[in-house]
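Chains: A, B, C and D, in written order; residue numbering restarts at 1 for each.
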Amino acid sequence: MKAKVIVQLKEGVLDPQGQTIRRSLNKMGHLEVSKVRQGKYFEVEFDSPKDEQTIRQLVEEIAREVLSNPIIESFEIEDIS
Amino acid sequence: MTLDLIESHGLTLEEYERIKKRLGREPNLTELGIFSVMWSEHCSYKSSRPHLRKLPTKGPQVIEGPGENAGVIDIGEGLAAVFKIESHNHPSFIEPYQGAATGVGGIIRDIFTMGARPIALLNSLHFGPLEQPANQLIMEGVVAGIAGYGNCIGIPTVGGEIYFQERYSHNPIVNVFCLGVAPVDQICRAKASGVGNPVIYVGARTGRDGIHGVTMASEEFSEDSQSKRPNVQVGDPFLEKLLLEACLEAMKAGVVVGIQDMGGAGLTCSTCEMGSRGGTGVEIELARVPQREENMSPYEIMLSESQERMLLVGQKGREEELLRIFGKWDLEAVVIGEVRECPNLVVYNKGQKIVEIPNRSLADEAPQYHRPAEKPRYLSELIRWQDLDFPQPSDYNTLMLEMLKSPHLCSRRWVYQQYDHMVRTNTVVVPGSDAAVLRLKGTRGGLAISLDGNSRYCYLDPGMGAMLAVAESCRNVACSGARPLAATNCLNFGSPENPEVMWQFIETVEGIAQACKTFDTPITGGNVSFYNETNGAAVFPTPVLGIVGKIDDLQFARESHFKDAGDEVYLLGETRAELGGSIYLEQVGLPLCGPCPTVDPSQEKVLQDGLLELIRKGLIESAHDVSEGGLALALAECCLAPGCGLQVEASTSLRPDYYLFSEAPTRVVVSVKKKEEAEFLQAVSSLPVTRLGTVAHEDFQLSVNEQLLISIPIPTILREWNTSLDRVFGIE
Amino acid sequence: MKFGVIIFPGSNCDHDTYHALKHAMGQETVFLWHQDTDLQNVDAIIIPGGFSYGDYLRCGAIAKFSPIMGSVHRHTRDGKLVLGICNGFQILQEARLLPGVLLRNAGLKFICRHVHLRTENGETPFTTACKKGQILRLPIAHNDGNFFISPDELVQLQENEQIVFRYCDPDGNITPEANPNGSVHSIAAVRNREGNVMALMPHPERASEPLLGSKDGRSIFQSMINQEK
Amino acid sequence: MKAKVIVQLKEGVLDPQGQTIRRSLNKMGHLEVSKVRQGKYFEVEFDSPKDEQTIRQLVEEIAREVLSNPIIESFEIEDIS
C-alpha cells in the first residue's frame, strides 16, 4: 500500500522559497503568476497487508509526528492505494 | 480601555496612568500596543538599566558604546570593528530551526546597519542534557538553523560554546554574536536627522509574524482565528543577503542619513528610536508599507516582527539613487514618510492620523524599576566539595576516556562542520582552538574573538562566575596571540520580579564590571534576556561574555594544539584544588557543589600580559587555556587536533585527581621549541611556571609524582573524543 | 589572463574568488553582474560558490535564467575557459554545460572541512599544473555536493576522461570513508567533453594562500593561467 | 486559478532524504514502512482570467523548465481549479 502526503506551510507563515520562485517567474515574463507556495510531497509505502483504515491512522501519525512540523506546517493525506 | 486589555498588554495600571499623563489623554488601541512593546522589559530594560550603568563603557578604543545598534571600537589602520550579541532563547525553544535562524538574521542586521561588513558569527548555546531525545531535537534544530542562515548569507560561523544542564531543558539559551568591519569614517548611525528627509522602508513585506500578546481580548482581535495563527517567524537568508549588499552599497554611495533594522517591535521601535536619537520626529503612512497579508490593521503593521526589513532615512533629493540601488538587488523600497521637526512619532493610516506620541516617552522615558533583590536561599545550602569524602579514581584511563566523550568536553566537530567557517577567506584559526582568529584583509593584522560563560560557576556564585567568564574569554583571546580590546555581553536570567533572580543579576553585573575594568575591556553593548524560566524554575544565571582582541601581526597568531614532537610543554600559572562546579565531580557522580573556582583579575591580567609578551618574542609555539575538565583535559586537547602524543611527568602536593581535574583559572599550557627553552625560562621568570613534559609521537602518557596514571594511545582518544556527538545524533 | 567572476544574487564566494585571483595569483580580474550580457573581454569565466537565489527550489535552478548565462554559453562555444566552483558547479549543470546533477549530501547535513582530491586527469586546461595522481588538499563547504549520474553516462564520462578529481584519503586511496557526500564514484570534479568547462565542489579560492592553511588551490588557477601562453 | 504540481525524483535516482526518513521510521518502530520518497509540491496561482486549457499549457511549461530538472525529476500536474 502506498500513501501520498502533502505538507505545506500554514497560511500566514512566510514562504521564502515560494516567494523567490514567484519573483523569478515574473521576471522571466510569466507575469500572470501571482503566487507560488512550495511544500513537500511524500510517498510512504507499507509492506504489511493492512486494511486502509489502519494504514490511514498510521499515516496520520507519521505525517503529524515525522513528516511535518506542526508549529508551522499542516499536512494532508492525498490518497491511499 | 479595559483593565483586561491593559493587563494583556503586559502593562501595570501605574504604567497605564503614566501613559495617560504623558499623552494628556487616553491612548487608542494602536498607541497602547506601541507603548506596551516599547515599555516591555525586552525593549526598555526597565529592570536592568539602573544596574547596567555600573559597567565600564569608555576607553580610547571605544568609538560607540551601548545605545547604538552595535558597539564600535577602533582596531587601528583606519578600521573599526562593530560587534554585538543577542539572545533568541524563547523562539528557539518554540521552533528550534527558525528560532535560531532568525536570531542569526537579527544580529547580522544590527551589524550591517552600522555600515560594517559582517565577517564573523559566533554563538553560545545551552541545552538540556542529551540523554533526553527532546533536547537532542532542540540542539539539532538550533545548530541546523544557525548553519542554514549563516551559510546561506555567506558569513562564517567561526566559534562558540555549548553547555548542557537540566535547567535548560525547557528553556534553551541561544545567544548569537556577529562582528563586522568598516573604515572608521564610514560608520553609519541609527539617527533620523534632517527635517524633510524621506523615511524609506526596504526589504521583506510585513506580515502578521510575531505580533506580541497573542491573546488580545478586544473586538479587533477576537474576530478571526488570530490566536491560532502560528507565531513563528521564518527567516529568509537570501533576502537578507540582498539587503546586506544593497544597504552597504547605499551607505557607501553616501545617500543614507540614518538606518536601523526592524527587529523586536518592528516598525514601532525603529521609527521612535531613530527619531529619539536624532531629536526629530518621524511621520509615516501605513498604507504605503508593503504588506504580505490582507487586511492588516494599523496595530498589526506597527507591531509586526517580520524579519529582513530595514528602515532608513535618505537624503532629500537623492531618493531616486537610493531606490535604484535597492532595485538593482531586486528589493522593494518605498518612501513611507518623512523626518519632521516636532519630536513625535506620527502614524497615518490612509491619510487619517491614528498615532501621535512623543518619541522620548517611548524610547527614553520608559519606567525604570529598582526591583528588590535578595540573596537566594540555595546559596547558603550548597554542599561544599571539600566536605565530601570521595575516593580517588581506581582507573584513570577509563575515567579519562569517559570524560573525553562526555557531551561537556567532547569535540564540537559535529556542530562546526555544519557551519561554513571559512567563507570570506579570513579564518586563520578555525573552530576547535581557544579563540577564532580572522585576518583583516589589506593589513598584516587580525582579530581574535571568544564567547564564554560557565553557568555552573555562575549558579554557585554569580559574581565570581561573571568574573571568571570575563577572565576566560580574555584568556582565550590572549592564548591566540591577541590583546583583548573590548567586550560585549548577553545576560540570560529568570524573572527579574523574583528577588533571588534580581540578586543574581546584580551580582553578575558587578562581577563583569569589576573584571572588565581590570582587563581594560570596556563593554560596548549587549543584551539582557529575562524571564528565562518554565514553571517557576529559572535557568542558571547565564552571562555570556564576548571579547574581541587584536593581533597586530598574524605571524604571532597561535593555536591551542601542539605543533611538533620534541617540543617542551610548560604550565603557566598555579594549580589550586578548586573542584566546585567541575566536570570531574559530575563525572564521578557527585551533585553540583561549591564553591566555584576563584579568580583574581589583576593576577590574571599579569599572566595574560606575560603570555602575550612571550608570544611576541616568538618563544611560544602553542598556547591553550585550562578550563573545564582541568589540566588533564587541556593537555589532551592540545594533542588531538594534530594527533600527536604527549609525555608528562608532573609532581604536586595535591591529591593527583585534584591536580589533574581542578578547574582553577589563570593557567595556560604552552609548548616551546627545545632550542628556545633557555630563553623562554629566562623571559618567563616573573610568572609561575612548571615544566610538564614533552610532545611525543603517539601515546598520551601522564605521570603524577612518578606514578603513571594515564596511558592511552592517541588514536583511541581521538576516536572517542571526535565522534561522541556523531553517535548521539545517530550517524552510522 | 583576464578573469571574470560572475555575481548572482546570493553568490557569496564572489569576493573570495576575486581576492584569490587578483591578489594571490596577481591576475587581472573583474566582476560580471548577472543581469549584464557583456563579458568585458575576459579570457576565463568563474562561476563562484554561494547560494544563488538562496538555493531555493534547487541549487542553481534560478540562476541559469540570468541574462549573463547566454553569454556564458557563447563563451563556451568559442572554446574559452569556464570554471564552476561549488554553487557554480550546480549552475553549470542546470544550464546543461556539464553532465550530472548534485543531490543533497548523503548525510543530509552541510559539511565544511578539508578533503583530499586525487587528480584523475592532469591534462585539462584546469590541471596542467598538477600531475595525474597528484593529491590536493582543499576545503569543501556544501549541502548538495552528492554527484549523481546514470550508469550509462558514467561510462561515457570515464571513456572521455571527463572525471577530473575524485575524493580520496590522504594517501590517494579512493575509499567510501573518504567520500564526504555520497558522490557516485567519489566524483568531485568533471569537465565537459570539449574540455574547456570544468567545475568542482571543493573551493580552490579558499586554499590559495599559506595563511589559510593550504595553497593547493593555486594549481587549478595556475593551470588556467598557463593556457595563455 | 490555482494549479497544483508535484515534482518527484525519477525511479533509480538516489533519494537520501526519503531513505533517512524511512530508516528513522523503522527505528521508531514503524517496521511496516518499506519505502519513503520525498518530492516537492507547488501551488501556482494565476491572476489573469484565462481558460483552463491555456493555464494548463502554461503550468506545463513552468513545471518542465523551472520547477523540475528533467535529468532526475518528473512532474505531474495534480489539479487546476
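Criterion: a contact is a pair of C-beta atoms (placed from the backbone, for glycine too) under 8 Å apart; a residue touches a chain by one contact, two chains touch by 3 or more.
Note that this is a predicted model, so its numbers are computed, not measured.
S.K.: Which of the two pairs, B-C or A-C, is linked by more C-beta contacts?
M.R.: It is B-C, judged by the count of C-beta pairs in contact.
S.K.: Can you give the whole-Å distance between the Cα centres of subunit A and subunit B?
M.R.: Comparing mean C-alpha positions, subunit B is 36 Å from subunit A.
S.K.: Centre to centre, by mean C-alpha position, how many angstrom separate subunit A and subunit C?
M.R.: Taking the average C-alpha coordinate of subunit A and of subunit C, the gap between them is 34 Å.
S.K.: Can you work out the whole-Å distance between the CA centroids of subunit C and subunit D?
M.R.: The separation of the two C-alpha centroids amounts to 29 Å.
S.K.: Got the subunit C residues that touch at least 2 other chains?
M.R.: Residue numbers touching two or more other chains: 53-54, 56-57, 62, 65, 107.
S.K.: In subunit D, which residues are in touch with two or more of the other chains?
M.R.: 66-67 - these are the residues of subunit D that touch more than one other chain.
S.K.: Scan subunit B for residues touching two or more other chains and write them down.
M.R.: 236, 238-239, 330
S.K.: Looking at which chains touch which, would you call it a line, ring, star, complete or other?
M.R.: Contact map by chain: other.
S.K.: What part of subunit B is in contact with subunit A in the complex they form?
M.R.: 94-95, 98, 204, 207-209, 229-230, 232-236, 238-239, 292-293, 306-307, 330
S.K.: Okay, in this complex, where on subunit D does subunit A touch?
M.R.: By the definition above, subunit D touches subunit A via 6-8, 18, 21, 24-25, 28, 30, 32-48, 50, 58, 62, 66-67.
S.K.: Provide the residue numbers of subunit A that touch subunit B in the complex, in ascending order.
M.R.: On the subunit A side, the touching residues are 9-10, 12-16, 19-20, 23, 69, 71-72.
S.K.: Can you list the subunit B residues touching subunit C in their complex?
M.R.: Residues of subunit B touching subunit C: 144, 147-148, 151-154, 236-239, 241-242, 329-330, 416-425, 427-428, 430, 439, 441, 554, 731.
S.K.: Can you name the residues of subunit A that touch subunit C in the complex?
M.R.: Listed in rising order, the residues of subunit A that touch subunit C are 16-17, 20-21, 24, 27-28, 38.
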